[in-house]
Amino acid sequence: MTKLSETRKSLIATALLSGLMIAGTAQAGLPDPGVDFTADDTALVVTDPQNDFLHEDGVAWGVVGESVEENNTIENLESLFSTAKDVDLPVFVSPHYYYPHDHEWHFGGALEHLMHEIGMFDRDHPLDTDNFDGSGADWHASLEPYIEDGKTVVTSPHKVYGPESNDLVLQLRKRGINKVILAGMSANLCTESHMRALVEAGFEVHVVSDATAAATLPDMDGHEAAMTNARMIANGLADTETTVEAMKALR
Amino acid sequence: MTKLSETRKSLIATALLSGLMIAGTAQAGLPDPGVDFTADDTALVVTDPQNDFLHEDGVAWGVVGESVEENNTIENLESLFSTAKDVDLPVFVSPHYYYPHDHEWHFGGALEHLMHEIGMFDRDHPLDTDNFDGSGADWHASLEPYIEDGKTVVTSPHKVYGPESNDLVLQLRKRGINKVILAGMSANLCTESHMRALVEAGFEVHVVSDATAAATLPDMDGHEAAMTNARMIANGLADTETTVEAMKALR
Amino acid sequence: MTKLSETRKSLIATALLSGLMIAGTAQAGLPDPGVDFTADDTALVVTDPQNDFLHEDGVAWGVVGESVEENNTIENLESLFSTAKDVDLPVFVSPHYYYPHDHEWHFGGALEHLMHEIGMFDRDHPLDTDNFDGSGADWHASLEPYIEDGKTVVTSPHKVYGPESNDLVLQLRKRGINKVILAGMSANLCTESHMRALVEAGFEVHVVSDATAAATLPDMDGHEAAMTNARMIANGLADTETTVEAMKALR
Amino acid sequence: MTKLSETRKSLIATALLSGLMIAGTAQAGLPDPGVDFTADDTALVVTDPQNDFLHEDGVAWGVVGESVEENNTIENLESLFSTAKDVDLPVFVSPHYYYPHDHEWHFGGALEHLMHEIGMFDRDHPLDTDNFDGSGADWHASLEPYIEDGKTVVTSPHKVYGPESNDLVLQLRKRGINKVILAGMSANLCTESHMRALVEAGFEVHVVSDATAAATLPDMDGHEAAMTNARMIANGLADTETTVEAMKALR
């Protein structure tokens, strides 16, 4: 690496001078492109607004409940849903379900094993909603009116963490959506996998920092990991209050 | 959420008793499925083993250099490459390049903006390697002998962070690979996006914790974020020493 | 194109001599790699075994009925399902459903427009199977016992023609499947899009020529188009009788 | 299928009356949505404009040459490229290359075997263009000025037939493209796989019927198969003359 080093050193110098890369001031200097919401091609996308994450009887509440309460996740999701409906932004929900045949998979990651073990997001059959109402796989009651208003698009379930295995990208494109306001559960798993996959699919993604929450485990803070990655990868990152203000400006 | 709550509470109780979900002991109790390396369908995959990340003159050294040195990333990558070649595991490298036309993109995330701004991974033309030799986009010199041995598969470049825009998944499947030992740069960006996309594509993924490194910025530790997410999402996670031992057992 | 022309002309000559490229004998000479079915990693995949295609009251019967009868598609699908169950091959069904929100899409291709217009594969709601039983979206009665035996994996619906918008690829990989015996409806639309997408995802695909059927329109023979493309693209192509014999050899 | 049959029969009747589904008049009655080209989000995409298909010394000329001449494919591609440049439409080229490591794949379809066997699209190395100039993998000379004008986006190579293994979709989305005018080689293989994958990715696709060509083999007319499928699947289908007129209207 000899030939280009002078040019490159000069590039680095310029970057340093502009404050982008000095460790001590880098975040302030990190570019913050932002997403300019526009009425005709922006949508709200919410992952896993389901009881198993958000209800105190949900099977994952033990690991995510503290983070849900700290972030006021439920109230913030309500604000996002309600504002989106008020200003006529299309809303898409990407749920997480497991059917009996999914439990026959030959392998999985750590949290996949846990989810299967504790019956998270379980449904009886892909073509049967018996026992669904009020179950851990069902919508959190406070969000259900927004999801079941006859306008919200409920996609097929994602099956690991990302939308690679469902129709979210297609549904967004078939409605002309290019920009996504992203929220839901859980921050560093399904929400982040949706963020990354949507970015790879060429969407502009704005992540709502406190309309999500994550597992807190010893030495592992899922929400912090998600925010670090969202700050670096997403096009925009802001809290619910700021996001709702920007959405209202579309009216 | 009334009907199923008794059953669910009992499921949670079982999980709690088995130590999976008590915050204080959860990581110890978190499932650790692991990847059982097998000679005929396991491969080493390395992301971005390039000067801009790994050489002290590279344009990103200012933000990742400290982490590269702390992890001994270069030496650990050498160990993985060398062991894979010794035991005849197929090796795949997924590089990161930007061509002049990529700088015309209409939008990008924070780190995308930074990469374009500092000329990271820049090449002159997709069909021209003038000025490539020794550039920031070129392989780190200590790894080049392994990559250019005539056997390693060099995929097309990924263009954001993940392999969605290159041929890595196809190349792996066309060689019968189902299990991936994953390392390279940088931990929470390209390496993690590869981990997530490979998991969604149905591979078993084992992440090597110290054969990677990441940006350290104020309030943002990229390596820590990556390890939190790898521990939860990947099928296996271990350091280079442990991984190399497991690879050697294939001989 | 001067430098390599001598070498290339000689390559062409060799190919011509080996009978691969002389128009008059090319098909005989076209490589026919075939798929070697193996018990642990082969599956049967069936697209759209639904009333709207296969039942005389189905909304598409007017355009596909003749082809369904000529090919004995229903009987042949029964043979494939029945043989797969007998020899314990995993079976996956990829259905086609449209929900009310799908009719709000901003654009579509010619046959998409037609499907929406005639209410093909319509369901009332993604989380509701009211009015589903016996509808055009429901399984053809003769195939239902195989699909609803508690073992067959029913994927999420594909939404245009291919499995890009559902979980088929993930479901196959999570069960260790590398080879697919492909049949169902309709030959040049969903079945062919599944063939192409599965080939791109690195599966070996064997197409069953007469366990499918297609629209016959003036100057457009869907089945013929599908067979031309399957002969060129798939790894194997054979009729039901031959395929069933090869499946039985796995017992 | 009893409950809904009366409603469905009436739907079919309506469709029949409107002429959509009577075999004898169906094509005339088949919906023809069309793509309304718009200056800011439409692009020209060309697959495989390379010597091995288009030059009389190309290794595939023996099977496609007749169709290339009948369609005036080269002249029509020139018209499309030239018009796109005149009216400032972005142009994307998706090439096809095979590197030495690709010949180590464990399996392939019929035409994949043939391509590998005759050295089609062969390059020496992914990071080396020695011997490329004027080779079968190089651009056809008459199209090169348009492709190498410093503005055309040359994507990474696709590796089987579709863009699933390259960055075409990302490149289009990063430029705000929603509508694609599709042409190139060969009609029922790479071009059609691009058409299908782009449709699944939520683009509107207009196929140019005679700016493509295909293999003609005994009992297999690749161009005819492609046109049947394009008529049914694409959003628009027209010849070069009509397409060029519509493009010129954007000026």
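We call the chains A, B, C and D, going by the order they appear; numbering starts again at 1 in every chain.
To be clear about the criterion, a residue touches a chain if its C-beta (ideal position, glycine included) is under 8 Å from a C-beta of that chain, and two chains touch if they have at least 3 such contacts.
Per UniProt, the chains are A, B, C, D = Cysteine hydrolase.
Here the structure is a predicted model, which means the values were calculated and not measured.
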item	value
Result of counting contacting C-beta pairs for B-D and B-C, higher pair	B-D
Copies subunit D and subunit C - interface residue numbers shared by over half, same or different	same
Rotation angle (°) superposing Cα atoms of subunit A on subunit B, nearest 5	180
Cα-centroid distance, subunit C relative to subunit D, in whole angstrom	22
Separation of mean Cα positions, subunit C and subunit B [Å, integer]	35
Whole-Å gap between the CA centroids of subunit B and subunit D	34
Touching two or more other chains - residue numbers and ranges from subunit A	107-108, 160, 164-165, 169-170, 174, 176, 200-201
Subunit D residues within the subunit B interface of the complex	99-102, 104-108, 126-129, 132, 150-154, 156-157, 159-160, 164-167, 169-171, 174-176
Of all residues in subunit A, those that touch subunit B in their complex	1-5, 8-9, 11-12, 15-16, 20-28, 30-33, 51, 55, 57-59, 61-63, 66, 107-111, 113-114, 117-119, 131, 133-136, 138, 141, 160-162, 164-165, 188-189, 192-193, 196-197, 199-201, 204-205, 215-222, 224-226, 228-229, 231-235
Of all residues in subunit A, those that touch subunit D in their complex	169-170, 172-174, 176, 178, 200-203
